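Chain naming follows the written order as A, B, C, D, E and F, and within any one chain the residues start at number 1.
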């Protein structure tokens, strides 16, 4: 028996604005700086989804990565791609769209939708230089 | 004598919406699809600036790339980074922010600001998969 | 007026074997080395398609890159992705599938299918280290 | 004392076909889709080998990475590079060459060949979008 | 509550020479090969700093990544960028500058300077092919 | 007939210092800034060599890229890899090792050593952000 981790890389383009409703405008501006720009800015987000499990002895797969791709496309990507994360995404309502908060929100959406193996890790690159990782801890 | 091309890579994060004021809303939606989302979306734009010239016999440089970086930072990046290209950028007013139009607009801003050599080419990656190039032709 | 080049990046996975029917087996083995392995090997090919044209004054686009993507998908990618280039691709019959020959063959398929602008350049990465470019010259 | 992980990145190009001998042809076609193409397809595989250990107080190295490279070259790369994984690789006989199965098979070959430190992790990228990781669990 | 890992990517360019003062010149040459070249060689080092913590319920951040960037810039980058690691860096004196030793030395400098969350991992790429990771174990 | 450009990507690691013998020390420091650090610094240089020619009708190749690799390895890489460009490289004596000057110097070494096709372009990446290109103009 062998425990293997398989990872699928996906991407989406979205706008966001870092702004907390419990802070004043000057506090938001001081805290988030240019990320608080009222009209928002945006990113090419890269998302890596890792599933942990033992490869099926017949198929040799932890999970069919084409099936995983279709699930993530439907559960996550179709709801955030070419959207404004502060306004257009129902499961992000009231959440400041930092990379940390986004990756935890994605985990909540995905964790019960994985048909084989278990969701092990989500990595979200906001830029090639900034990334957040969540493992359900 | 030798003609050398030097290239500096820079980046900025911005929101935009593809929407033409001379088209109706249904025409815009049909033409631009998800890129017409009313609240906008965004990208990690990558910009490559190429200067053409003969290296100075003393310094060995076509242009000081640190100086070029400072110029592009001031003339372009500071005005578009963490902005919404449809609303926040004066020199983009009334221009549909396709990669094609952005790269031509950047050229207009930069072409007379290069102190050594001449501006040869601008490449603008909207995503790692989509890119526009302008050479002033 | 402005002449802009827009580039779309696509990819496909294929097997191939370098083997020339006009050479003997020892000549093929000497010429192509490990690339002549009888059972073949394979690559994650990356293809960059560049279209040259003036952006439409209304749409701001040289060509709709989504439309270009669909055309290349149908004309090229669907016929070579997850295939063996020596056996499964009708328009490659009798052609040694070097990167040079593939990129010229792709050009023949694509050149009359571009609805706006003109096909300017195809770049084919066989690996991140080896690439062939064709401009219809 | 300090536990450090050192990683070496290597690559190989190979053909493969996803096909299970215990399934019928229609079952294989339904399960693996285009990956079941009879003539196979191929990839530029990227392999990351991570060794865990304490740096030697004199040399400052967990393991000489040039020596690790030579070992992996001999034990793995020379046997799979420019090969068809279903036919040409003795230690892959009878194994469906999914990324999961390949990475576990590589681990079996490598685990007793590491002269310093211990094999901690193998990552195998089938494409830039699909990856399998094994840690000997 | 959620434990999230945030990562910031930074870089610096430096020269180094692998040479141990407790070994003879021939021993050094045999051990380190071309890396023992007396005049040294150099790299574009890439450094990934990962902080572990729970996102602040108000700000949505484990740590302000701009603040982390400024700290790493001051504590590490400004002291090693465009330097020779064997001669110019006070905290590297007497340490053979292998990737393993550098990453442990960086950890010692950084571990008490993180104002929120805790330092979880440093990854140091010497080249795109060679990397060392330290987690304070 | 078809004119195809084939490109081979190679790399080397080297130290250098920007310092002009015809300038005073203060002038050098002002001109080159941190790049004038007396002990030098270094880079992972990436070199792209492009050959232009018509594919041979029998072999399908402009030039055998393995042969090209061997030539560049011998003529360039073996003489600069793991070296200090100011001291260890005979053909760089007296040349300030800017990217511009290096790429022209490499061209002089390579231009008469290409057995098939003609040398069309050299690109030298000093870092992923700075690059110089020479086409023999």
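Throughout what follows, a contact is a pair of C-beta atoms (placed from the backbone, for glycine too) under 8 Å apart; a residue touches a chain by one contact, two chains touch by 3 or more.
What you see is a predicted model, and the numbers here were worked out from it, not measured in a lab.
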Query - Both-way neighbours, i.e. chains that touch chain D and touch chain C - result: none
Requested in this report: Using the touch definition from the top, list the chains contacting both chain A and chain E.
Outcome: D
Query raised in the report: Which of these pairs, A-B, A-E or C-F, matches C-D in more than half of the residue pairs in contact?
Result: A-B
Report summary line: Max Cα-centre separation from chain B goes to chain D
Requested in this report: Specify, for the interface formed by the sequence copies chain B and chain F, whether it is same or different in terms of residue numbers shared by both sides, with half as the dividing line.
Outcome: different
Requested in this report: For the sequence-identical pair chain C and chain F, determine the rotation angle of the Cα superposition and round it to the nearest 5 degrees.
Outcome: 120
**Report entry** Interchain centroid distance [CA atoms averaged], chain E/chain F, Å
**Finding:** 28
Query raised in the report: What is the distance, in whole Å, between the centres of chain C and chain E, each centre taken as the mean of its C-alpha atoms?
Result: 41
Query raised in the report: Of all the residues in chain F, which ones touch at least 2 other chains?
Result: 128
Query raised in the report: Between which chains is there touch?
Result: A-B, A-D, A-E, B-C, B-F, C-D, C-F, D-E, E-F
Query - Complex contact set, residues of chain C against chain F - result: 18, 20, 22-23, 31, 33, 95-101, 103-104, 128-135, 137
Requested in this report: Within their complex, state which residues of chain B touch chain A.
Outcome: 11, 13-16, 34-35, 37, 39-44, 81-84, 86-88, 127-128
**Report entry** chain B residues touching chain F - in the complex, by the definition given at the top
**Finding:** 2-10, 50, 55, 58-62, 64-66
